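Got a structure here, written out as structure tokens. Questions coming.
Note that the chains take the letters A, B, C, D and E in the order they are written out, and that residue 1 is the start of every chain.
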Amino acid sequence: MIALPALILLPATGGLTAWLSDRGRQASSLSWWVAITTILLQALLLLFITCTAEWGHGPWLAHFSTPWIPALGIAARMDMDGLSLVMLWLTTLLSFPCVILSARDVGEQPGLFHLLLLATIAGINGVFLATDLFLFFFFWELMLVPMYVLILQWGHEDRRRAAIKFFLFTQGSGLLMLVAILGLVILHQHATGIVTFDYFVLADTPLMPTTAMVLMLGFFVAFAVKLPVVPLHVWLPDTHTQAPTAGSVLLAGILLKTGGYGLIRFVALLFPEAAARFAPVALALGVAGILYGAWLSLAQDDMKRLIAYSSVSHLGFVLLGIFSGSPMGMRGAVVQMVAHGLSTGALFVIAGSLQDRLHTRDMRRMGGLWQALPHLSSVGLFFAIASLGLPGMGNFVGEFLTLLATWRVSPPMAILGTAGLVLSAVYSLTMVGRAFLGPPHAGQGTIHTPPPADFGPRQMTVLSLTMALLLLLGTYPQPVLDLSLPAPAHATPQPEGLHP
Amino acid sequence: MSTPSPTEALLLASILFATGLLGVLARRNLLLMLMSIEIMLNAAALAFIAAGARWHAAQGQVMFLMILSLAAAEAAVGLAIILRLHAAGRPTLDADTGNRLKG
Amino acid sequence: MDALLLPLIVFCPLLAAGILFVSAGRMPARASCMIGAGSVGLSALLAGRLAASFLAAPLPAGTLHMALWSWMRVEGFSTRIAFALDPLSLVMMLVVTGVGFLILLYACGYMHDDPDIARFFGCMTLFVAAMLVLVFSSDLLSLYIGWEGVGICSYLLIGFWHTDTANVVAARKAFIVTRIGDAAMLCGLLLLATQASTLDIAALLHIVATGPAQLLPATAAFLLLGGAAAKSAQVPLQTWLPDAMAGPTPVSALIHAATMVTAGVYLIARLHPLFMAVPVAMKAVALVGLITLLLAAGSALVQTDIKRILAYSTMSQIGYMFLALGSGAWQAAIFHLVTHAFFKALLFMAAGAVILRVHHRQDIYQMGGLAPAMPVVFSAFLAGAAALAGLPLLTAGFYSKEMILQGAWHANPLLWAGALLGAFATAIYIFRCVFIVFLGTRHTEPTGRTGATMAIPLACLAILALAGGWMEMPDTIAPVHLLSHLLSPLFGTATAEGPSWLLWAGSLVPLAGVGVAWLLWRPRTQARTAPEDAIARLARTGWGFDTLYDTLLVRPFITLGRLNQSDLCDRLSDATAATTRAGSRMLSRMQSGQVRRYAGWIAAGTVVALCLGIRP
Amino acid sequence: MSDLPFILFSLVAACAAIMVVTRAVPVHALLYLVVLLLSLAGIFQALGAPFAAMLEIIIYAGAVMVLFVFVVMMLNLGRTDRDRERHWMAPGIWIGPAILSCLLLAALCITLRALPPAAGPDTLVSIGPQAVGIMLYGPYVLSVELASFLLLAGLVSAFHIGRNIRGTVTGEA
Amino acid sequence: MTTLLSGLPPSLPILSGGIALLLLCIAWRRSEGRAIVIALATLLLAFASLWWPLLPWPGDPMGMLFVPDGWFTYIAALILLSSTATMIMAWRETGTSSDEFYLLLLLGTLGALVMAGSADMVIFFLGLETLSLSLLGLIAWRRTHPTADEAAIKYLILAGLSSAILLFGLALSHADSGSLRFAAPSLEGPEGPALPLAATALVLTGLFFKLSAVPFHTWLPDVMEGAPTPVASFIAVTSKIALFAALARYFAGADLLRPDAAGTELAIVALLSMFGGNLLALGQNNLKRLLAGSSIAHVGYLLLALLSPGPFGLASAAIYLAAYAAATSGAFAALGGASVPADIAGWRGMFRHRPALAFAMAIMLISLAGIPPAIGFFAKTYIVIAGVSARRIVLLVALVASSIIGLYYYLNVVRAMMEPAPEEHRAARGTPANAGLIAILAIVTVLAGLFPETLVRQTHSLLRPAPIMREASLRPAAPHDILYRE
């Protein structure tokens, strides 16, 4: 299906168009319109793909394959299953708040900004679709560069350090994954004499348990950095804090999910035995992430940092779910990823808006914002509550299913994970209390500084839709649950037209 | 009549080589460093001659010729540079001081 | 048709909440009131209609089922959003909608000049909806939606006046402490779901009844008890409730007296076969109830804030309910739940009316002699106090408490003795409050008047608080057993009554309490300050639980977190960076610019390579 | 085993080399270098390479050394330079290089000690200019061509570097 | 004449002829324009001639002084192209009367070509020294530049030292085997392994010095800083390619997977070079020195490829050389075209003032860092394939770790270019030729990164028998087979 590469090319072309449209003219919003058209088209394209997918013909829904570097058995191969579809939809949906809310008021070089934003989205789409390991890695690396530039160019005060930290951590771990990928390829070549990067072929590589474990760890580290898993999370708070709002949203909302996606598709499914043996460690890491993230989240004064650490905590559940070894856990992990994408993305929008208005992220200098900014504050409250896992919101479904799956494997881990829910309430409400509630901070709203502008209809519409999605996910998650079980690596789909 | 063995010649070449190296490492005067390198080149030349003698082959002497031409060319260029250094910036020809390229 | 009413009853307040939130204060206050109170009123009407038809023609199963939709359906587990109406939820539904409607009506008067009234009614209606979900759910997980939903509404409403940091902190504390219990409960749910692959209550109870061997009912029961104890402010998770009084008084009346705090009782009653299968858990429930009722009554004795007195009283009364539950007197617990909803809501509302009139002062020692100024309120408060104290025959509280005492006697006479002691204390503290606030010399001149919107609910509830108990009477007085008859399909028939001297004891002890209170705080002799000895101070601060938790848990946790604010793991990556930089400096130093050094490196490398060659 | 001239020349060569690297006056060093080259020519002769010996004397000791002499004369060194040179040759400076050189020498000696005599007749055969010439213009004719390019490169480089040295000085002054 | 040319690739005579022609021209009348035309024409003709048929070698194949095999053709193509790039960079860049400059460049190119194809010590040595002496002239080119002499004398002394060591090693090798073949001496000779190992160690010193592998690298940053930018590019690209080709040829017959001393030394040097180069570059503010450090690190990566014989090893090295050549040439071209001081601070705000140039520079740096979509990514991947295939675990780990360090400084430059500049730069533009060169190199770098298939196939067809195919056999092809045509 040609629509799959189109899903990558469309944002890329759109980004270039946005960039070109901005050349020469300063302060024109033309590039913004191009960007918004692009993501609208992307949504339509995805809708088209969803409608025309091969439902009912096994777990794989759409295929595309064309030779790329045949000398090394590399093909531009993309396959879409339910999991990919869910992640693609998440990407598409979250790009709306990115573009509509945070990219609208970007100061200089809006064209470049949109180019980078859309390029990142293109890379992410590629990651979610690629089933050739080389192609996957290509996209995996490719999505980092525009993100790096985004942070560097439009970030906040300490952006240099944050951007390079982000890049070094993700790229460095990516190199480990590259070594693991190539190790798998070479082992497959030794076993069969065929050099190929095809996911489905490589899945059948006979491996010694130790080798499988080593290769699995190579993949795991890369995804664990991205997810992130304690103690590899240290890039995340800095990066999220310093990134521009759109960058934070993209990072927290989607980029982190590539880690979870990778863990499912390339760790749990490619090395099932090794993953199963590694599961106790992974579960412990997940729980450590939940608790540690929540604990540090509570200690932060910087609002974005707080949200960033809360991401660490939330994504610990994803790790729990994936390594619980049951389909239930996987489904729960996917729901958790989607819900976290929506809720944390929205929280970053709010934190970013606050920074735009107050020029600080320090919660010691906030307080009592509800009076000045009732809409913003109430939206913030909503998403804080969503992030603490209130039943009826998407986060709860994810957390419950992952915990349930974990309980089957190890009740103590599940209990510790549940303790994370208490802590999530603590930090979420602390954030709400310090920023929005309480008496107004002395510094703001005085005669000298005019009261900051509240959210207007544009922001409220987008965020309300996000809220609605989150509620829908929380109360009727079944479509996502049904889709989210990844297709097994062995059910090789028939790529159209390539092999007879 | 006993003849010199190539091994002994090689040993002498090694001694000359080490001595030349000592000169390059220890002398601060660029001119003397250049001379020390000439010693090392001669040591290599001697080693080739000795090797050639060992195998009764003329290749060693062919190589000697090439080394000779290199030594000549290098001496010419090297001395030109030394002259320029002396004229332009470093009349003492001290290798340790006055270096701007470092770090 | 009737089944459709179930979601409709929930939907009414939910829709109202939606409208109120979306309007975001753009509606006039009156409209907000109308929508808020009206929707709950509509719910109450529908509930009444439903109750009527339910009572008229009980279904064969005694239960009305309404499965709405499948919530999660995955391998090895599925759960639905499903409602069911059985006698227990019928009673709860009536209490929630009925008392809720009255309180909302009262709130119309109480809150009429608050600028944020839309938000207030939005939260209140949302709360009612969540509470109804909790009550109706036939699946533990959808019950959990309501369970947490009421928690978050409680948070929102306690912190309703959010400009005051104390309110915000109190709200947070309430939510977090209950959340601890919720986490325990979630663990219980996880355990049950793992064992049974379902959380449908009927199915679960069926499994409990048929195959207890494969379940871990003891663990599950204790975990659920944790949840119930937190929600119902029982020891050891009771500390949030007194602080929760920071919210507006209607909130205290509705959430922290009548409905939400009794959710724990409801949960245990709902799952009583599970608890019955574990005698230890039953004992634990009773013990928790007993300890709470005594500690809370002790605290209530020395409080100076009128709302805190009522808060401790609430804890104490719910302790009674737990005691009843633990004793197996399910009907008694539910009966007390109902009457308590009446009289405690009444007391809060009356107290609220008082507070409004005395310029938002809550210290009882600053009031005094208010009875002549506000006779309606006084009589309402008196009715509530009497019911709370359980003055014999006349009040609803008497009958329900009597039933609990009976149950406790059957379970363990020690429990009975404790409960009786609690009853004695109850009578003392509530009449202490009555005497100090309404009699004696006046310290604050009341202003304004209590409007009709507030007076009417007061009157209604006063009547209920007095007459509501007549639906269930001991045989000695009159053989009326409406409630236990209604609940009998669930709980079976109530146990036979004990000797009649129990009844006498139960009647006389409250009277004695009132007498003691009169001796201590009658208008002439009453002390104008609270007792200040060590025990009193300890009791006033809730027996030091707060301090204990603060020093043991909260403070270390936060301090350590602060210390680690910049993340130790981050230091690790910084150390790596520093090492790299040091290496870089080393290599830069190697680049000294001196050609001799460079030659030295080359020679050294060569020598090392040669040595490698010699000794491979 | 060895003959007397070889030993004699070897001793002279080694001593001359040491003298070269230790002299404070460049001209002295240069003279010792010439001595070294001459004794090397003797050794070449002893090793059966008369052609190489001749070239060593004519080209090396003759031409190349004269170049050095010219340069030393152009540098116009005096007493101060000699004192400075003495000052630079403090014992501390020699330690490191000496250790490295000794290690190198030791390693080479150990390597060479294991070297057995070559296959074939034990006697040395003199390889005259004819054999070298046949080799040079037979298989190695390419190398002759290349050597011309090597010399060309040296020529052009030296020419470019050496051009206008005075001009540069005046330009900078 | 026939014997002279037989077995010789036509590119060598063409280059020689070009040099002679250029000499004549200079003798007749100096003209920089004519000189560069002749030089470029010579290079391009030589490039084209790479595909012309050879005169057959009449005698014993073992007696060949020169092996114009596929490896030579590939390397020669790279050398000629990178020399062309250097020429274009140098056009109007080096100052007055610079027709000898092109002459020296041609001589250096000739030396590099000779070195790449030589199978005999004499030839190799002559090629090496021709290159070395021309470089010496080029380094010292800018007479008025304060550091040109210093760079030149450093190069002279150290190159002389390393040549002497190399020669001594070759002599020992000759003494051991009696032949002048330019190949690692066999350890199974009658003399035992001591002498061959010592000879190899000394020869390696000479090669590593010119390749500037750690710890023989110290001259490179200084020399590159002191040399004109095109010359620095010539050192970093052309000379290194030729040296690496020679190194590969030297070890063509040896089994590098065996844990003997030569393999160990190569591995240690590779490890040290990866870390040393990257760490060195990390602390640099001067872009030339930074690129010097980077090129040292790339030598380490290349050595990893060399140490991983098998179906992927040499092919990966070949592709990596191409990627490295394109990106490094491009970076130097951009450096030359920017007309700002070569320190990082001078490049601040480049994205504002010269966006196209900055963009090209960023592409080059990204390629060097091994980030897609540039060719450097694919090349590095290919090297890792080779390393994994040969199970060079330690070196692979070192590659990953040092690459992370590398990322830091490459991106640091990119970051500096993005930052707002403190003041307006005087926008001195480079020559159009240079701009065109940069553009072509940038496009090539990206296009080759996106579609490396052509490059891979070319490489494989040149390095016959094809080291890798989809149905490649398990048996790792001996590098010997790859290097020598049947």
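As a convention for this text, contacts are C-beta pairs under 8 Å (C-beta built on N, C-alpha and C of every residue); 3 or more make two chains touch, one makes a residue touch a chain.
Note that the coordinates shown come from a computational prediction; the quantities given were computed from them, not determined experimentally.
Chemist: Just tell me the minimum hop count from chain D to chain E, counting one hop per pair of touching chains.
Modeler: 1
Chemist: Among the other chains, which touch chain A and chain E together?
Modeler: Both chain A and chain E are touched by C, going by the contact rule given at the top.
Chemist: Please find which chain has its CA centre nearest to the centre of all protein CA atoms in view.
Modeler: Central chain: A.
Chemist: For chain A, which other chain has the most distant CA centre?
Modeler: Most remote chain from chain A, centroid-wise, comes out as D.
Chemist: With contacts counted as defined, which of the two, B-D or B-C, has more C-beta pairs across the interface?
Modeler: Contact tally favours B-D.
Chemist: Tell me which chain's centre, taken as the mean of its C-alpha atoms, is farthest from chain E.
Modeler: So the farthest one, by centre of C-alpha atoms, is C.
Chemist: If you average the Cα atoms of chain C and of chain E to get two centres, how far apart are those centres in Å?
Modeler: Inter-chain centre distance comes to 77 Å.
Chemist: Per the centroid of Cα atoms for each chain, what is the distance between chain A and chain C, given in Å?
Modeler: Inter-chain centre distance comes to 37 Å.
Chemist: Find the geometric centre of each of chain C and chain D from their Cα atoms only, then give the gap between the two centres in Å, rounded to an integer.
Modeler: That gives a centre separation of 100 Å.
Chemist: Taking the mean of the CA coordinates per chain, how far is chain B from chain E in Å?
Modeler: 27
Chemist: What parts of chain D, by residue number, touch at least two of the other chains?
Modeler: Touching at least two other chains: 96-97, 100-101, 104, 107-108, 110-112, 115, 118, 140, 143, 147, 150, 153-154, 157-158, 161, 168, 172.
Chemist: In chain A, what residues contact two or more other chains?
Modeler: none
Chemist: Quick check on chain B: which residues sit in contact with 2+ other chains?
Modeler: 6, 10, 17, 20-21, 24-28, 33, 45, 50, 52, 54-55, 57, 59-60, 62, 66, 70, 73-74, 77, 81-82, 84, 88, 95, 99-103
Chemist: Following the definition at the start, I'd like every touching pair of chains, please.
Modeler: Every pair of chains meeting the touch criterion: A-C, A-E, B-C, B-D, B-E, C-D, C-E, D-E.
Chemist: Hey, which residues of chain E end up touching chain A in the complex?
Modeler: 366, 371-373, 377, 381-382, 384-385, 388-389, 396, 399-401, 403-404, 407-408, 411-412, 414-415, 418, 451-453, 456-457, 460, 468-474
Chemist: Which of the residues in chain B come into contact with chain E in the complex?
Modeler: 6, 10, 13, 17, 20-21, 24, 30, 33-34, 37, 40-41, 43-45, 47-48, 50-52, 54-55, 57, 59-60, 62-63, 66-67, 70, 73-74, 77-78, 81-82, 84-85, 88-89, 95, 98-103
Chemist: Can you list the residues on chain C that touch chain E in the complex?
Modeler: 580-581, 583-588, 590-591, 593, 595, 597-599, 601-606, 609-610, 612-614, 616
Chemist: Which residues, counting only chain E, touch chain C once they are in their complex?
Modeler: Residues in contact with chain C: 153-154, 157-158, 161-162, 165, 193-194, 197-198, 200-202, 204-205, 208-209, 215-216, 218-219, 221-222, 260-262, 264-265, 275-276, 279-280, 282-284, 405.
Chemist: In their shared complex, at which residues does chain C touch chain B?
Modeler: Interface residues on chain C, with respect to chain B: 588, 591-596, 599-600, 603.
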